[in-house]
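First the structure, in the form of structure tokens, and then the observations on it.
To keep things simple, chains are lettered A, B, C and D as they appear, and every chain counts its residues starting from 1.
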């Protein structure tokens, strides 16, 4: 059940949470539209909640992803460092697939920023299909990312791969990334829920819209309301692409959830020559921003070279993204209709 | 093999086609970039073709979809009535899923045109999953479409379902549609190849990029160079959508083929509330136009109501599509780079 | 609606069909379990059908594939030449992918028969992805198949690709095959419905169980009750296999339909080394038989060599299939339970 | 690279592992076919390994899943408690989806054993799509499983969900299960690699054969050779089934790997009425055993009821499985060929 409280209804909130605990029901809250909290309780409470002081609204029927749903609240924003995601200005996360070294990381961060990036991405812990492949620089890589942030002012997002790493990664990064392979690693999601850092949740290879939002709900139900979704391509049978960027999910999520959603055209295509157009398409579909792999020398990147673009290409994409985004904002609520040809008969 | 001829090399063309016939090789041609024809021959000819008069170029290695490939020619346009597809101005195909009646069709055509549609679509022969469902008005429906063209001046595209119908449908329509279920109905493709009407080829539910272009090649190799592709969603495991619009295919096709490609956000989502955003996304991905189901009263449309929008919504989409398309054209080859924040360190 | 009639209720049948025609409803019948016909009518009739003489049963709620459903009748058999499909003895369809020549065909038929095949398969009209590939020997190939039947006594099944070919193919073959790419070619299905030859309907690359049975229903609703289904692999994202044999569909179909169903482990794997085990698995799943590509020299077969086995391998498979099938029949309704280890505590 | 050593070549092994460590290459070993170890080294060593004493064989080209490949060794067995998996006798893992309580668990274990089960399965830590669903009894559930083992003698397999749980679960269970959602949770795989308990690795919803074996390789490369694979259905677009059991993977794995592989027809269909036939199909495809959800009252099971069968049904399946398995073993290397009808002409 969902319960919206008025501002200051702290006592009622405490009582409800206590009742939930007595019923062994999971309970959590996020800020509501009217200043107070919205609570989700895992099972219906044995009490007349609607009659309690400060209760604005009780919903017994709602989407299974209660806190993530539009029934909980309207469009939300998530702040990473000083960057706001979801406020209408497309956020550009960019950086190399893997952190490669301290100097390289700082230089790449400068280039990304000069090209228009507002958040720096890079992998220190790398999920690799082969146990024999480079597994990332680990904590050393986290330090390199922090140094790059120091040098450029860009906040940093990087992947966390197990519950025990959440504290460590949180001590360096501004945002935690849960990778596609871990979208349904529920213990990791719970651990991210206990963190105070915002979380970038990437969609699984074959996750449905509902499963995607249920994974976001795990994080929120365990205490962390700051979740940003990221579409990064689904797996299909077409060998022409590494993955197929599924842009339906963007307006599809927005039709049922208040969470911001980004698009990753690098993984979503696997081919650098498609990144530009699919970035534009992602923004046109309504995404709140992009996550793009960029490297000064893509052919020699430590990983994911075939889908990585140069900073120059990024700058071109970013320019067009911002112009297009402004145009779409201006014309959202109606424009002078297109002038058709004269109807002849 | 591909052979490009100079203008006027008619004699060489005749000789090559004769040689191909002697070797029982399929042979066909399309107009090349330099005024002469480009010939595709199914098997290598036993002759020094390069030395023949008027031969500009011989390619022994090329994509399996020879005539459809960029190795044959650069970006092509297809003309339907007086509408040019592929010249940079997005074409808007719109109309009801099924032709419902004469007066209704004419009224719907007027509304579609007023909303910015430039080609009228509507089904007379309807492929339906159930043999007990309405199968379309057949030839009567074709006549209704022709009447709507008469009334509005909009050229008409409609589906053809078997080789024997090609002549009949061609006698009424300006463009033949091959539906998704028939994308690999090779005998139908051959029959469309022998028609002088342009063909709209919709992608199969699970067709790869290569299979899609091979089906286009069937039409071209049997004599008809005027093929327009249409992405209409692939089938995936997510029940949130009827199909998943696969926009990767748009820049993916354009990276290897000169054929125009449209996007159908109605079938590609199955949900009318997603059509607007996915139309914008399709154009941003680089599509040459859109195919949209529109009906004055979607809830009472004879078929496909849940994915059908109103003429008013279409008008709004079309306005934004044209503004966005112009912006993207203007900024294609570089814009003043986005002004990033000052790099601090 | 479904209506079961008693034996001899010819007058009632005529009247019902007339009423259906007056309501423009598609109507067809198949033999019922109790000797009379079972009729499916596309829309409910405006009459008290249950009260008409000889009406045993009226079902207003049934599966959309009415005639193909278990609500119409229990397990049915289909006879091809003198071979009965669905009577508990696994049928073995075998032969080359393409008919290659008269002498070759006769020799291959002899080898297939000696290995245990009971129906001969081979393609005269070949659906090929490329227009430049060999498209089959056409009518000449049909004649070769007929000659091979003459030589061996094996009835022949071969593919038909368009409505206009149904009559021609029927004049040579004992069974018509509708290929996967044409599973939803509804005009072809209708034409097969008007034929008096049994039909082998192969499942589409991504067809759902319901779509598969709806395609069978097209054939039955247009007059031909003799449909045999064939699972031949679905398309998935795993490059390890050409297709993935989906054996769930075998008991899945049998839970809702009376139609026999075969399994094609050649297309369903794409790899000859997997054919043996997947043949056994198909029969264990409950299939009524197998369709297998066999060739005396698979590496030099005109098409599909990598998934083609030798007659010797076929003989080994057939032996085990029959032994396993007998064992499964004997133990279907219970066997002495497996003797577990003594429970210690 | 793969290196096979002779028995007793301990010194060489030590030296090679030291060289690998110096090159920062991951190195691990499994028992080889000839008594000595087979080592996989992540990168080629800078030394003439072939010339070292006791080196029987060096393979520079091999499958990426080196230790799991047939290039490392031939068919292997894994022992769980006193049950051997992979020796030709199908192993039957059975039990409820979730551990429900102590008495219930013991009773269910007795029933499973009486029905022919040889390993007991049951979930104490449950991965659930919703954070609000029952998440399992945790350590208490592990204790209940241990009590059921005590009562019946059946060894126990249960799921582990994060690296930190490996030690805890290992202290109660005889085998660790890595669930489908965690197949590519590489940190969990590494932690299982450091355990001395055998591991049951379930295939991911959309994992390719190669990815499946690479995940097994993670466990082996981190020290644990005792991996058993389990096919449990892939996700497709057909709503008729929860998942589609992909039996191609069984002979597909056996063509490249020595690891045992089980089949889970419960998750692989999602429908209890299909479990019997798909169990038979799995064994016929060559699986080394089955993992089946069984419960005395499936409709009231805590989870997965629709795919759960009763102990009686299990007993019937097990009987037929053993009879069929024996038949297939006896006839593996050839049987008297099937007696075909006389060839007439």
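One rule holds in what follows: a residue touches a chain if its C-beta (ideal position, glycine included) is under 8 Å from a C-beta of that chain, and two chains touch if they have at least 3 such contacts.
Note that the coordinates shown come from a computational prediction; the quantities given were computed from them, not determined experimentally.
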Minimal step count in the chain contact network, subunit A to subunit C: 1
Comparison of B-D and A-D by number of C-beta pairs in contact, larger one: A-D
Per Cα centroids, the chain farthest from subunit B: D
Between subunit D and subunit A, distance of the C-alpha-averaged centres to the nearest whole Å: 35
Interchain centroid distance [CA atoms averaged], subunit B/subunit D, Å: 49
Contacts with 2+ other chains: residues of subunit A: 206, 235-237, 239
Complex contacts: residues of subunit B adjacent to subunit A: 110, 113-118, 150-153, 206, 208-210, 234, 236-241, 244-252, 255, 268-269, 271, 273-274, 276-278, 280-286, 315-316, 318-320, 322-324, 327-328, 331, 334-338, 340-341, 343-345
In the complex with subunit D, residue positions of subunit B that touch it: 235-237, 239
Contact footprint of subunit A on subunit D as seen in their complex: 25-26, 40, 42-43, 64, 66, 127-132, 135, 161-165, 181-182, 184-190, 205-206, 211, 214, 217-218, 221-222, 235
